[in-house]
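Note that chain A is present in both complexes that follow, paired respectively with chain B and with chain C.
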Partner chain A sequence: MPDYNWPEPDSAALVGKRISRVDGPAKVTGTAKYTYDVTRPGMLYAKVLRSPYAHCRIVSIDVSAAEKLPGVEAVYVVQGAGTEIHWQGDDIAAVAAVDEQTAEDAVQNIKVQYKQLAHLVQEEDLSKAGDRAKPAAEQVVGNPDEAFAAAEAVTVEGYYGTSVVTHCCLESHGFVAEWEGDTLTVYPSTQAVERLTGQFAEALKIPATNVHTMMQYVGGGFGSKFAVDRWGIAAAHLAKQTGKPVKLMLERAPEQMVAGNRPSVYAKVKIAAKPDGTLTAWESDSWSTGGMGGGGSPPMPYIWNFPHQRKRHTAVSINAGSARAWRAPNHPQGCYVTMCSIEDLAAKLKMDPLDLVLKNIALTGERSELYRQELLKAAELMEWKRRWHPRAQGSPGPVKQGLGLALHTWAGRGHAAECRITIHPDGYVEVSTCTQDIGTGTRTVIAIVAAETLGVPMEMVKLNIGDNHLPPGGSSGGSTTVGGVSSSTRRAAMDAREQLFARIASGLGTTAENLETVNGTVRVKNDPSKGFTWKQAAAKLGVNPVSAMGKNPDEAKGALTSSGVGGVQMADVSVDTETGVVRVNKMVAVQDCGLIVDMKTAESQVYGAMIMGIGYTLFEERVMDEITGRMLNPNMEFYKLAGLADTPEMVVHMWTDAEQQKRGVIGLGEPPTISPGAAIANAVANATGVRVPTLPLTPDKVLAALEKGGLA
Partner chain B sequence: MQAFEYAAPSIKQQAVALLGNTWEDAAVFAGGTDLISSMKDNLLAPKRLVDIKGIKELGGIDFTPAAVRIGALVTLEQLLAHPRLGREYPGIIDAAAGVTSPQLRSRGTIAGDLCQRPRCWYYRAGFGLLAKDKDGKPLVPNGENRYHAILGNQGPAYFVNPSSLAPVLIAIGAKVRLYNGSSSRDVPLEQFFVTPKSDAERENVLKPNEIVTDIIIPAIPAGERLSATYEVRQKEALDWPLAAAAVALRMNGGRVQSARVVLGHVAPVPWGAPDAEKVLTGKRITADLAIEAGKESVHQANPLSKNAYKVQLARVAVKRALLRAAQGGA
Partner chain C sequence: MFPANFNYVRPNNIREAVQFLNEHKDDAKVLAGGQSLIPMMKLRLAAPEFLVDIGRLPELKEIDLDDAVLTIGSLIRHADIETADLIARACPLLAETAAEIGDAQVRNRGTIGGSLAHADPSADLPATMLVLDARFSVAGPDGRRIIMAEDFFTDVMTTALRPNEILVSIEIPKMSRRTGCAYVKMHQQASGFAIVGVASLITLGRNGRAEDVRVGINGVSGVPYRAHAVEESLRGKPVDERNIAEAAALAAQGVEPLSDIHASSEYRREMATVYARRSLQRAAQRASAPQRH
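Right after this comes the complex of A and B.
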C-alpha cells in the first residue's frame, strides 16, 4: 500500500504553487452557465406573491383572477388562509406563466386580505423588546467579582455592536424544476447539490432516487444556499401542475429580505487588567437577533481566555427574515466585540495594543506561539512599530490616520467526501465527485491534486462535479470543502496510480512498488531511463480503464486534513473628521491554513474576505423601519457594498512552514472575513481618539462619536 | 410593470404630440436609467413611452458668444469629455464625475438627471412621494430619515432633490428650455424645481405635454470662471451624495464681486444659500471665510430625528466647494 501523504514542497510540481483557477476563462467569457442562465424547452417562469407586512394573518386569498390571466398556467398557494406570517417578504403564493411579465402581472392579481398584527423589527434598543427578548442562563468562569474588585484592577467599559447584514449573492437564490413522469430534475443555485436531493424527496414525498440535482456554477452563497427553500418546493409543485419546466429565481428585493442574513450583536462589556496589561476579567451583557429564531450567540470573549468571566446573552426575536450561516457564523461578531474592548483597554493603559496582545498571548491557548509569530509578521508588513501612534496623536489637519488589529480562528477540518478517479487508456483522467465550486476554487484544487499525484498536466484532468449521480462530495460550508475533496482526490489518485502500476509493471520488467510518476512519465525509481510517457503507459491498459474510489476521512489511508487555522489582520485607515467618512488605506492579512494546495486561489480567498469585511464594517446594514415594518433598503443602492474604488492596498501573507505542511489541507474560505470589522474599527478609534460603537461606521455615527468625545 | 406602447419619434414636434395631458398618458424616455426602474417598481405606469434618443436636435453642446447650449440628450459622460466645458465650468465636471458608474454616466442624460425622481426610500417602496401611512400620517419625521431633508422640510415633502448637476447649473445661472409643441419657454433652473404641497403636485414645473429641449448657460468672461461642486459621499464607488454644495464666484481684484452658493441633497429642491452669498461679497476667500460661509448656509437648518449630521456635512461641503472654486482662479 502506498504511503498516503502530501508531496513535500520541494518535490511538488503543482501543489502549493500559484495556479490560475481552471474555470476563470469560462467565467469571464460568459460560457460558464449558472442556474440563472438555464433555459429548458417550454420552460415557464414563476413569480412569488410576498407578504407586504412584517406580521399578519392571512384572512383570505383569492387566486381566481390570476389564474384567468392569459398566459398563466398554474398558481400554487404556499401559505393559505389562516396562516400567521412573521416577516415581510414571506412567500404566500407562486404563479407560473409563459413569461416573467405575465407571472408578475398575475401575482398582482392575487387578492389577499391580511389582518395586520403588532410587529417588532428593530432590536438595538433592548428595552423595547418586551417578551421578544429571551435571556439565556448566565455563564461564570472563575471569580469575576473578585477580579474586578481587585485594588490594582484597571477596568474599561464599552458598548459595541454590529447590525444585521445580508449575503448579497450576485446570483440570487432560485431553481429550475422539471418533471419526467415521477422523476424530478432540479437545477439549483446552491452550496449543496447533493444535500438538496433528500430535502426535495422529503418535501415532495417521492423516493430520493427520483430526484436528480445538477449545477455547474453558482454566483455566490456565503452560507445562505443550503436549503430547498419554500420557493424551491413551490417551483417543483408548479412544474408538476403544469407538466412543464419552471424557473423561479428571486428578485433582488426578496433576495435581500428573505434569503438569509447575519445576526446582529450588541454588547455592554467591562474588562479588567493589571496595571501592566495582564488581562484578568471579562463581563458582558449581549443581545442579538437573527429574525424570528432569535439569532446565534457569538463566542465571547473571542479567542482570549480571560481567567475570570461573567456572560449573559439574550436572543431577541423580531419580524424580519431569518438568519442563515454567514461566512464564519458568529465569529465576526464575537471578534468585533472582544477585540474592540481590548483595544479600548490598551488605550486606557496608554499601551500599544500590539504590545498588549503579545503580552497576553498565552491566553489564546495552544495557538499562542503561532499567533505571536503572525502578529510580528503582520506588524512588519504594516510597519506597525514605526507608524503606530497613541490615540488621536497622528497627523494634524482634519484627516486623521490610524492603525488597528484583530486576531481570529476557525476549525475547517475536511468534510466527508468520496471521489472516483478513472485513468482512461488514452491518458485522460476523470475525477468524479458531487461537490460544487462556490467560487472558492474547488475545481482548481481537485485538478491540482489529481494532476500532481498522477504526474500529468492539469489539462489532462477532466472534472465531473455538481451532479448528485456522482459519488457524494459533500456540501460547501464551514470551510470544510477543500480539506474534504483534496483528501478524497489524493487517495483515489494514489490508488488509481497503484492499479496502473500493477498493470504495466511487468512491461517495464519490474514490479509496481518500483514505479513512480514524474512529469508526464511513468518510470522506474532509481532508473529514469526505463519508463513510458504517460500516454504510452495508459495505452498499455488496452480497453479497460483503471478506476479507484477515494474517500475522506479514511483512517487507514493517512490523515490528509486536520482542524484549526488562525490569522492576524491589521488595518490602516484615514478618517475625515469633518465629514465622518472613513477610508481604508491598507490592510495586511497573515493567515495560516495548513498545507496550501494553490497559493493563488488561497490568497484570493483572503482578498475577497477583506473586501467583504470592508463592506460590513463601513457600509452594510439592513435598515428596518419600525413604523411600517419594512426593510427600506432591499436593493444594491442603499444597501451599500464596497466597490472597487473602496478597495485598499491589500497585503496577504500565507503562513507556510514544515509544521503547516504536516497538518494537511485545512479550510480557508471563512476565517479571513472575521477580523476586518475589529481591525478597521480599532484603526478608526486609533485615528480619532474616540470609539464609534457600532458597525457600520457611517459618517453620522463617526461624527456623533467625535462630538461626544470620550476616551482619548 | 404594466405593458406600454413604445414610440420613437425623430423630431421634437412629433415627440410632444405623442405626449398626453396627464402623467399617466405618456412619459419621456431618455436614458431610462431612472424611468425604467421606476416602472419596474410599479411607481410609474405610463401608457406610452416616447423615446427621444433618436431626436438629433436634442443633442450637442454649442458655444456662442452669449451662451452655451447643452442639448437635453447630452450624457454625463459627454459632459465630462468636453474639454472646453471643463475649462470654463469646472463645477459641472465635478458634479458629473461624482456619478462614479460608467454605465450610468454613459446612459444618463443631463435632462434626465434634472428630471429624475427622488430616491426617498419610502417613495421608492410605494408610500408615495410625500411618504404617508394609510391614515395619511407622514412617515419620515419619526421614521428612518438619515438621508432626508434638513432644510425646507416643514412638510409635507421631506425628500431631497437627487440631481447632482442641478446645484452647479443653478449657481452658474442656467435656464431650462421647455417645449410644448407650439412654443418654448425658458425657465431659470431655480424656478424649475418646486416643493410639492400635495399628492397632485410634482417636484418641478414641467407639464405632462412638455419636454426639456436644452439647458442654456450664460457665457462667462475669461478670468471669472470660478465654479466648483463638492459632494460628501460615503463611498468612492457608486453612491449618492449625503450632502453637496456648488459655488460660482465672480471676482474683482481678488475680492468676491458676487457669489452663488447652492446646496444639494439637503432639501426637496436645490437650496440656495443667500446668507452665505452675502457673507462672501466683497471679501477675499480665506479658509476662515469659507468656514463662515458654510455656517451661514445652513443656519436655518431644522434637522429631523436622525439627520442632524447632514447639517455638518453641508457646512463642510460649502467650505470645500468655495476653497476649490477659489483655487481654480489662482
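Right after this comes the complex of A and C.
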C-alpha cells in the first residue's frame, strides 16, 4: 500500500495553484440546474398555510373549501386542531395544485380558528423575559474577585450585543418529491444529500433503501439546510396522496421567518488589566435567544484565556423561528463581545489595540506565535502603524475615519467520507462520492486532487456527486468538507494509481513501485524516457477499468487533514457623524487553513465571508414587533444584505508556510466570517470615540451613541 | 407571491380608459409601469378586479418644451427623465431626482405618473414637484382639469385624483436664470426609498441674496411638504453657510415625523435638517455657478 501523503508544494502541478471553479461556466450561463429549476412531468406545486401568530393554539381547521377549488389535488394538514404553535410562520397545512397561483388561492381558503396566547418575541430587555429566561450555572476560573479588586487593576465595563440575523439563502429551502411505487425520489435544496435519506425514511416510516436523494446545485445554505423540515415531509405526503411529483419551495417571507437564523447575544462585560496592559480578569453576564430552543452559548472570552474569569449565561426562549447553524455557529457573537471589550480597554489605557493584543498574545495558547505573525502581516497590509490614531483623533470635518481589528479561530478537521475512483481504459477518470458543492468549490477541489494524483488534466476527471446511491461523502457543515473529500479522494486516487501501475508495470519491464505519473504520462522513476502517455497506459487495461475506494479518516494510513485554523482581520471605516452612516473603506484578512488545495477558491471564501460580515455588521437584523409578535422585515425589501456598492477594497493574504503544508487540508468556509463584526465595530469606535454597543451599526444607533457621549 | 385573479383591459385612448374607470370605479386600477401596483397585488394588499393598461397610449408618452412650460407625459419612465437631453437642459432637478429612484430595473419600468399617483410618502418625485410648482393635467369623465402639486398629495398614499381620473401630464413652469436646484436623499439601505429626500431651489437676486427659496421634503411626514419656515428664514439673505444652517434647522418645524422600522421620528427630524442643509448648499453653489442647474 502506498504511503498516503500530499505532494510537496514545489512538485505539485495543481494543488495550491489558482484554479477557477469547474462549475463556474455552468452557473453563469444558467445551465446549472438547482432544485428550484427541477420540473418533473405532471408536477404539482405546493404552498403552505402558516401561522399568522407568534403563539397560539389551533382551535379548528377546515380545509373543505380549499379542497373543492378547481385545480387543487390534495391538502395535507401538518399541525391539526389542538396543536400549540410557538412561532409565526410555522406550518399548518399544505396544498398541492396544478399551479402556484391555484395553490396560493387554496391556502387562502383554508379556515383556521386560532386562540391567541401570550407571546415574547424580543430578548434584549432581559427584565421582560420572566420565566422564559433559563440561566445556566455560573462558571469561575481562578479568582476573579481578587483580580478585579487588585489595587493596580484598570477595569472597563461595557455592554455589547448582536441581533438575530437570518441566513437569506438566495435559493429558498424546498424539495421536489416523487413516488414510484414505494420508492421516494427527492430533489432537495440541501447541504446534506446523504443525511436526508435517513431523515425521510424515518419520518415516513419506510426503509432507507427506498429513498433516493439527488441534488446537483444549491443556492446557498450557510448552515440552515441540513434537515427534511416539516415542509419536506409535507411535500412527500402530498406526492403520495396525489400520485404525482410535488414541488414545494418556500416563499421569501417564510424563508426569512422559519428557515433558520443566527442567535443573538447581549452581554454586560467587565475586564481588567494591569497598567501595562496585561489582561487579568474577565466577567460577563450574557444572554441570547435562538427561538423556542433558547439559543447558543457563545464562547467567551473568545480566544483570550484570561487567568481569572466569571461567566453567567442565560438562554431566553422566544416565540420566533428556531435558530440553525449559521456560518461558524456562536463564534461571531463571542468574538464580537470579546474583541470589543478588549478594544475599549485599550482605549482606556490609551494603548494602540494592536500593541495590547500583541502584548497578551500568549493568552491565545498554542496558536499564539502564528497569531503574532498574522497580526504583524495584517498590520503591514493595512499600514496600521502609520495610519492608526487614538480614538476620535482622526481628521477634522464631519466624516471620521478609523481602524479596528479582531482575531478568530475554528476547527475544520475533515469529516468522514468515502470516495470511489475508476480509471477507465480510455483514460477518463471517474470520481464518485455523495458530497455536495454548496458554493465553496467542493467540485473543484475534488477534481484538483484526483487530477494531481493521477497526473492528468482536470478535464479528464468526471465527477459524480449529489446522489445518495454514491459512496457516502458526508454533509457540508462545520467547514469539514474540504478536509474530508480531499483526503478520501487522495487516498482513492493513490490506490487506483497503484492498481494501474501493477497492471502495466511488466509492459515497461519494471515493477509498480518504480512507476510515477507526471504531466499526462506514466513513466519509470529513474528512467523518464521509458513510459507511456496516460492514454496508452490506460489502454493497457484492456476491457477492465481499475477502481479503488478511499476513506477518511484512515488513521492507520496517516492523516491528510488536521484541525485548527485562525486568522486576523482589520477594517478601515468612515463614519458620517451627521447622519450616522458607516462605510467600510478597506478590509484586510490574513488567514491560515493548513494546505490549500485551490488558492483561488480559498481566497474567494474569505472575500465572501468579509462581504457577509459587512452585512451582519452594518445592515442585517430580524426586526420583531413586540405587539403583534410578527417579523416586520421578512423580505429582501427591508432586510438589507451587503451588495456591490457596500463592498470595500479587500486584501486577502493566505498563510502558506511549510508548517501549514504539513498540517494537511483544513476547512476554511466559516472562520473568516467571525471577525468582521468586531473589526468593523472597533474601527467605528476608533473613528468616532464612542462605542455603538449593538450590531447592526445602523445610522440611527450610531447617531444616538454619538449624542450620548463622545464628540461634540 | 401570486396575485389574485384579475381581468386585463387595454383601452385604445384616454377617453375609453376614463370611460372604463368611470363604469368600474374602485374595482378597476390603472396599470402604468407596474412597479408599485404589481408588488401590492403579489402581496395581495391590492386585488383589483380589472387592470386597465394605459401603457401603450401614445398621448401619455410625450415630452414637450415651449417658452414657458416643460410638459411631460405621465407614462415617461424614470430612466428617460434621467437621461433625456431636453429635461437635462430644461429641468436638471427633475433628472437628478429621477436618478435617485430605486435601481436601474425600477427606473426602466416605473413612470412619473405612476409614482405621483401612487404617492408613497418615501417616493422621490413629490418634493421636486412641490418645489417646481408643477401642475398636473388630469382627464376625467367631464374632461380635463388641472391640479396644482401643492393640492395633489392629500394623505399617505392618497391624492386628489378620483378613481375615474387619469393623470395625463405634468407641466413644469420655466425657471428664471440664476436659479440653482438640488435633490439630496438618504436611502433606506435595502429598498432604496427615501428616509429623507430634500429638493431645493434657490434663485439669487442681483444683490447676490436669495430672492426665491423653495424647499420640498419627502419621507419625513406622511405627505410631502414645502418647508415654509426654511424658505422664509433664508429669503432675502446671503446664501452663506451660516444662514443655510440656520434655515435648515427649521426643516421639520411643525411636522410630526413618521416613526417606523426604517427610522425613528427623532432620527427623521434630525436628518431633515442635515439633508435640507446639504441640499440648500448644493443649490446655492449651483445658483452662483455659471452653469445653470
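What we mean here is this: the second predicted complex is superposed on the first by the 709 of 712 C-alpha atoms of A that agree within 3 Å, B and C clash if a C-alpha of one lies under 4 Å from a C-alpha of the other, contacts with A are read in each partner's own complex, and residues count from 1 in each chain.
Assume contacts are C-beta pairs under 8 Å (C-beta built on N, C-alpha and C of every residue); 3 or more make two chains touch, one makes a residue touch a chain.
Predicted model, so just to flag it, every value in this text is computed and none were measured.
> Given the superposition on chain A, are chain B and chain C in a clash or a fit?
Chain B and chain C clash in the superposed model.
> On the superposed three-chain arrangement, identify whether chain B or chain C touches more chain A residues.
Answer, by number of touched residues of chain A: B.
> Determine, under the contact definition given at the top, whether A:A136 touches first (chain B), second (chain C), both, or neither.
Neither chain B nor chain C is touched by A:A136.
> Quick check on the superposed pair: does A:A645 touch chain B, chain C, both, or neither? Answer first, second, both or neither.
A:A645: touches chain B, not chain C.
> According to the stated criteria, A:L703 is in contact with first (chain B), second (chain C), both, or neither; which is it?
Both partners.
> One more residue to check, A:T628. First (chain B), second (chain C), both or neither?
After superposing on A, A:T628 lies in contact with chain B but is clear of chain C.
> Does chain B (first) or chain C (second) touch A:R252, or do both, or does neither?
Second partner only, chain C.
> Taking the superposition as given, does A:A81 touch the first partner, chain B, the second, chain C, both, or neither?
neither
> Answer with first, second, both or neither: which of chain B and chain C does A:A149 touch in the superposed model?
The answer is neither, since A:A149 touches no partner chain.
> Looking at A:A65 after the superposition, I want to know if it touches chain B, chain C, both of them or none. Which is it: first, second, both, neither?
So A:A65 meets neither chain B nor chain C here.
> Counting contacts the way the document defines them, which residues of chain A are shared by the two interfaces, the one with chain B and the one with chain C?
101, 104-105, 108, 578-579, 581, 618-619, 623, 632-633, 637-638, 640, 699-700, 703
> Please give the residue numbers of chain C that touch chain A in the complex, ascending.
1-5, 44, 186, 188-191, 261-264, 267, 270-271, 274
> For chain A, which residues count as touching chain B in their complex?
Residues 101, 104-105, 108, 578-581, 583, 618-619, 623, 625-628, 630, 632-633, 637-638, 640, 642-646, 698-700, 703-704 of chain A touch chain B in their complex.
> With touch defined as at the start, can you tell me which chain A residues reach chain C in the complex?
Chain A reaches chain C through residues 100-101, 104-105, 108, 251-252, 578-579, 581, 618-619, 623, 632-633, 636-641, 699-700, 703.
> Would you pull the chain B residues touching chain A in the complex into a rising list?
1-3, 42, 100, 119, 121-122, 125, 127, 133, 139, 142-144, 146-147, 232-240, 242, 306-307, 309, 312-313, 316
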